[in-house]
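In what follows, structures are represented as structure tokens.
Look for chain A in each of the two complexes below; its partner is chain B in the first and chain C in the second.
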Partner chain A sequence: MEIDKKLIEEIVRAVIEEVSLNQEPGNLSSKKEDLGQISVGNFLSGKKPASRGTNPKEVVIGVGPAFNTHIHKTINGLDLSEVLDNIKAGIEEEGMIPRVVKVFKSSDVAFIGIEAAKLSGSGIGIGLQSKGTALIHQRDLYPLSNLELFPQAPLLNLETYRAIGKNAARYAKGEKVTPIEGRNDPMTRPKYQVKAAVMHIKETELVNRKQVTIEW
Partner chain B sequence: MRRSKRMEILENRPVNKDGFINEWPEKGFIAMSSPYDPKPSIKIENNIIVELDGKKREDFDFIDKFIADHGICIDRAEKSMAMDSVEIARKIVDINVSREEILEIVSGITPAKMVEVINELNVVEMMMGMQKMRARKVPSNQAHITNLKDDPVQIAADGAEGALRGFGEEETTMGIARYAPFNALALLIGGQVGRRGVLTQCSAEEATELELGMRGLSTYAETISVYGTESAFIDGDDTPYSKAFLNCAYASRGIKTRFTSGSGAEVLMGNAEKKSMLYLEVRCLYMTKGAGAQGTQNGSVSCVGIPAAVPSGIREILGENLVASLLGLECASSNDQTFTHSDLRRSARTMLQFLPGTDFIFSGYAGEANYDNLFAGSNFDAEDFDDYNVLQRDMQVDGGLRPVKEEDVIRVRRRAGKAVQAVFKYLGLAEITDEQVEAATYGHGSHDTPNRDVAADLISANDMMKRGITGVDVVRALAMTGFEDVADSILNMLKQRITGDYLQTSAILDEDFRVISAVNHPNDYMGPGTGYRVEGKRWEEIKNIQNVIDPNNL
Partner chain C sequence: MKLIAGVDIGNSTTEVCIGSIQDDGSLRFLSSSCSVTTGTKGTLTNVEGIITALKEAVGQIDKRIEDLSLIRINEATPVIGDTAMETITETIITESSMIGHNPNTPAGAGQAVGLTLNIHNLDDYSRTGKIKSNNDYILVVDKEYPYSKIAKIINKYSSNYKIVGLILQADEAVLVENRLDKKIPIVDEVRGVDRIPEGKLAAIEVAYPGETIRMLSNPYGLATLLNLNPDETRAVTPIAKSLIGKRSAVVIKTPYENVKENVLPAGEIYIESLEGKNYKVTIDTGAEKIMEIVSQVDSIKDIHGQECTNVGNMFSRIKKGMAEVSDEDEIIRISDILAVDTLAPVPIAGAISGETGMEKAVGIAAMVRTKMLPMERIARALRERLRIYVQVAGVEAVMASIGALTTPGTRLPLAILDLGGGSTDAALIDSDGQVRSIHKAGAGEMVTMLIQTELGLSSRATADEIKKYPLAKVESLYHMRLENGAMKFFEEPIDPRLFGQVVLLHPEGLVKIDEEDISLEKIVSVRREAKKKVFVTNAIRALTEIAPDHNLRNIPNVVLVGGSALDFEVPEMLMDELSNYKVVCGRGNIRRQEGPRNAVATGLVMSYVGEG
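And now, the complex of A and B:
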């Protein structure tokens, strides 16, 4: 993709805004250690603003702001790189093309997912929080609706993530899709909700509503 | 160190699998009182609140503004704010002070003052307060009706059994969101088969839920969510005003609605702004009242793992239920989500609402086995029905349920399945086989039922919405297929939408479709000898559990 001058100006402005926001006293992310690795240099070196795809074979995976920079494992300890690899593999197995973007304007899985779907050439996107919660979204649905939702991240394994990729690709192909069978463990909440809160707080501290979504 | 055997045994007890965390006010992990909570204050100029809880009007966020303009009775404010918080707390407990008098006093206090009042009360005093302040004289109960397969036949069967067991309201939700029309339809029918007049809802994305209500496929709603911080609202692209409009949309079509909120939500969303869970929830409840909603589902609800993890968190949950009642709102008091591995702990938590009674003690109780509960498990489930009935009997408390006979359970489950099968066929929806009806009739849950063709169901559910199927079509389908009585019940539920009486606070319907609400049956408890007493026919019903020794058979 060609980067024109206007785009570069936009990125620089977004970065400056992000940095100055973080330095404001009282801001949620004002603590020194939270300034994080999204430094100016890192952001510009190879990370481009995400574009809207035109290829109907494309399925976009949107990841949360802390993905693999601040949080490296899901709530039940799966390596985030492996999670992503499995989703991508699932998409590829169906003959479709995965693309990954990182969303900064929200840490909510539904909003990450709809952003991915809107950028996706096929209109199908996958939202993935750093703690592992995922959904399959479609660009013309209400933000808080979805095609399939996997709300209990502690119950997801790499096979499920691969299946999520496969099903998303099938929706993109316009096939009649049988959703992945739901799983439910009533003891998930007692065991994991506090951990989920702490992980989500970490991700939410990196939310910046003015920062553009980038290719990841 | 050599391990103590006793310590090892204790370590392996269920309660030690639960998640706990120390107080951490900076991130909102604090139940009832954060050092960052504001101090109560109010200033009124020209009949406008110009200062609220230490903040000047020009510094208000949109929640402060909404509360200042719509949530506090200005005529009453200066007088109420002049009272000591401990004096208000004592009046709440005092059996000689009526509910009406408390409602009047409390209508003039600010959120921070409310937090001070609640902090004066221990749990027994809160229960005393709840017993008096609950809006409806008679408590009731709500069920969750869901299953892992989103199988409409099982929804209908469980809905019928739940209604038979006494639930006043039943709520469903989906594993796959696109099943919503089928879930709503199946529960509407199943509920009326089990007991006429049961209210049903389908928890879904807000626009979908509203549409299902407008079409008469559900008869109430309770998922208008509000949050205690502006940032949590903004995250969901919402404001208190948008929620108030949504509330009006329901009311304009004559659909009973309540808001929902609860402690821990802002913590889980990463937006607690250092405030205590109680303070943030109190703000939610003032918005609920200000928006004109008749009631709330609160008590932490799905975020219960957060307050339950910190000291005094379970006390806080009762505290926030009490605030809802103090503001004159219907309170569906949660108890609807698992939060512990310990049977002791989950029972104790529920006693706080069960003993004093609330408008809906659960919101809801899993009317299926918890493995099928798509709200990720309720605090009590279908396998606890007999325990619950015995608890009512042990303590002569009305928890809203009743013992049932096996033959009646089988009868209503089968009839509900048959009715849904007939309606689906008449309306040209996906096929329901006799085998599926039989499996749902005798089964415990989705482990006992055959799989449905999910992809075909979803296409059919989408088609049902596209064709504009409404409650009237359902009435016609039932009437044309030999289920005239069920057709009549659903028609009566639709009529409620025109008369509108069930929009009143805490409304439920009896089996003759008569409204029982805080208007015609207000709680008038003022100590022993007053208020609702479990007696007469209802006590006989509660006493009559199945598992008793018959001396004649010895």
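And now, the complex of A and C:
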């Protein structure tokens, strides 16, 4: 285990050095091709690889690779910092402890969620894509199965994110959860399809299977 | 050799028993079956269900229906039952003087007393000197203020003023508390904060984890905190009562008595006996008194309620409902009632945060005798369809008693107890073979109603399932704790939707209870209480009436038959209770193999031999 951690830390340090030697994180996509390795930019500096939590009160929120570095607002214009604050507040109100990690292995909300759940002391994690799609995951589940999914990101508001945090915390406590009131709009899909695709592509471009998940 | 079939059409299942009469006249049982009753019991639609059940039974012995020489069907019990519920007290808040509820996550523990103060006015008042530094204050905050801002404001002012408690509209108590320098009790999720008067003395209490509030639910506690005189203490008693069992509460002292417990004009019940005597009893004297009067009346002709009162409406509603079911133009006369005291969660009128109060209520099950159900018509239809001789033979209770006698270990005199849906039926077969039977109002449906009201469930179907199946709490995706405390593990992760839920162990899998915030323990205790109140009370009532000299001890054996004998806990409850009278009581085991089912069908076959 320890060797692993050391190795990881070393790799990260090496990567950060290399990246900071290069210029601004502006032309990332071109960098990606010639490096074929980590090219997520200098926003990695000072961030530690995420470790697995041991506190049973902990609920981990996993955010997507583009979160707040390349994408700053959800698909319907909510500020990502506020979204994250509300999820954290929901967890805290239920007496649990939130922790945020950034996942680079995938831009799929299910895989981000299960990665967070596996790092979480309670085994409960929240996956959050930069476009706003969220789910609650549990480490014993298959990636594509989950506890709760909130698929229509354009219809989510800050209260919903607060409620998602609360529910995740209640799962961690083994308590009964309250169903979250959802809105439904059949026009959402046609209206936001292009925007969703563009945002998802942007996030997917930053995916790097070799990059470890970091504390955020 | 002659094949005969006994058919018992019940409210929910149709049961068949097939026996063969040997040439020497002896009887052998060959097979039995059970299928769903098609349509309402006693109507022609039953024929389909009967044929299905017959086919299954003859199929087991490689015969065809045509091989049967005789089909005997039962004469159904001519009673129908109905239930109703009426609350007899109500709590009204006439001014916003109290808040008592169970927010999921209040914060800080303990109590505090202070003057109410709206956070909007804090700046103004401190500038104009309206806030005295020697007074204690309880801050009232609406949801415009985010938790971080509230905490900042309080931390800023707490050096100069004494802010001892906090009432929040939003669900942010823990969030605020985590950011406070000095911890104070915080009640949150109070919807109507705008209706809290300012500048009034208020007491606030948050219970310690795992406990409920102590001071505010105690009249003397309130008197201590709010400096009440003896008269005022008397006036706040309804407040204290309605706060019992809450995890957080606020009581505001206003100059008027402003929480009232009204006793509704519940009305009287009139009982008319066959001898023409009249009895009356007021409903707010409670179920015990009502049942005492009912037991004094030898034979009831009719029961009705005082007009234009709750109970009057309740009885006319029951009668109207029964008239529709019985589909006859006869006058509906109620021949028996069972009254049960219960508590129903009712929203308090004028409450600030949607509080509910547990109001006293009386549940009543009533039973009506109707004319014979048209079994002859069913027999005729069946005869035409199958071209086999069909006979309506024997009263249900008598047949059930004969069938029950095949249970090993029984002897005469023997009593059977059939706990059905609408009525509890008992029959006693004495050593001379004479059968006495009786029907009492109140059975399974009443239990369902009690469970529904006491738990405040929105659907009757949920209450019915709670009645039927044991509970468990899913603690992880791989294990759950059963209601008896045992642990059960799964090989594969279960459906994530069940995570953390209270579930019913339905034979087809786990079913979650779609109601918020009812603990497993609460459901179990309500369910068991309801079953006791109805089944145990009624079993004693019915058996006492048919027992020789009305003494339960004169019945050596009681056999439970029918579907409800399959209930997972009722037989044990009855066994417990009846063992006090030295009565042997248990689930029947008809013909050593059928369990409590098939008693009537078996009796029908056996009685044919008896008739020769």
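By our rule, the second predicted complex is superposed on the first by the 175 of 216 C-alpha atoms of A that agree within 3 Å, B and C clash if a C-alpha of one lies under 4 Å from a C-alpha of the other, contacts with A are read in each partner's own complex, and residues count from 1 in each chain.
The criterion applied here is as follows: contacts are C-beta pairs under 8 Å (C-beta built on N, C-alpha and C of every residue); 3 or more make two chains touch, one makes a residue touch a chain.
The structure displayed is predicted, hence computed values, not measured ones.
Novice: Overlaying on chain A: chain B and chain C, fit or clash?
Specialist: clash
Novice: After lining up the shared chain so the two structures overlap, which partner does A:Q152 touch, if you call chain B first and chain C second: first, second, both or neither?
Specialist: After superposition on chain A, A:Q152 lies in contact with chain B alone.
Novice: In the overlay, answer first, second, both or neither for which of chain B and chain C A:E92 touches.
Specialist: Touch partner of A:E92: chain C, not chain B.
Novice: If we overlay the two complexes on their shared chain A, which of chain B and chain C does A:V194 touch? Say first, second, both or neither.
Specialist: A:V194: touches chain B, not chain C.
Novice: Residues of chain A touched: more by chain B or chain C?
Specialist: Of chain B and chain C, the partner in contact with more residues of chain A is B.
Novice: Now for A:Q138: first (chain B), second (chain C), both, or neither, which partner does it touch?
Specialist: Once the two structures are laid over each other on A, A:Q138 reaches chain C alone.
Novice: Quick check on the superposed pair: does A:N184 touch chain B, chain C, both, or neither? Answer first, second, both or neither.
Specialist: In the superposition, A:N184 touches chain B alone.
Novice: Output check: A:K176 vs chain B and chain C. Expected answer is one of first, second, both, neither. What do you get?
Specialist: both
Novice: Following superposition on the C-alpha atoms of chain A, which segment of chain C from the set 222-230, 330-338 or 510-518 overlaps chain B?
Specialist: Looking at 222-230, 330-338 or 510-518, the stretch of chain C that collides with chain B is 510-518.
Novice: What part of chain A is shared between its chain B contacts and its chain C contacts?
Specialist: 145-148, 176-178
Novice: Using the touch definition up top, name the residues of chain A that touch chain B in the complex.
Specialist: Per the stated touch rule, the residues are 28, 106-108, 111, 142-149, 151-152, 176-179, 181-182, 184-198, 200-205, 207, 209.
Novice: In the complex, go through chain A and note every residue touching chain C.
Specialist: 89, 92-95, 138, 140-141, 145-148, 166, 170-171, 173-178
Novice: Under the definition above, what is the set of chain C residues touching chain A in their complex?
Specialist: Where chain C meets chain A, its residues are 104-105, 147, 171-175, 178, 475-478, 493, 496-497, 499-502, 516-517.
Novice: Sort out for me which residues of chain B touch chain A in the complex.
Specialist: Listed in rising order, the residues are 17-21, 27, 29, 148-149, 175-178, 204-208, 231, 234-237, 264, 267-271, 302-306, 308-309, 337-341, 370-374, 376-378, 381, 454-455, 458-459.
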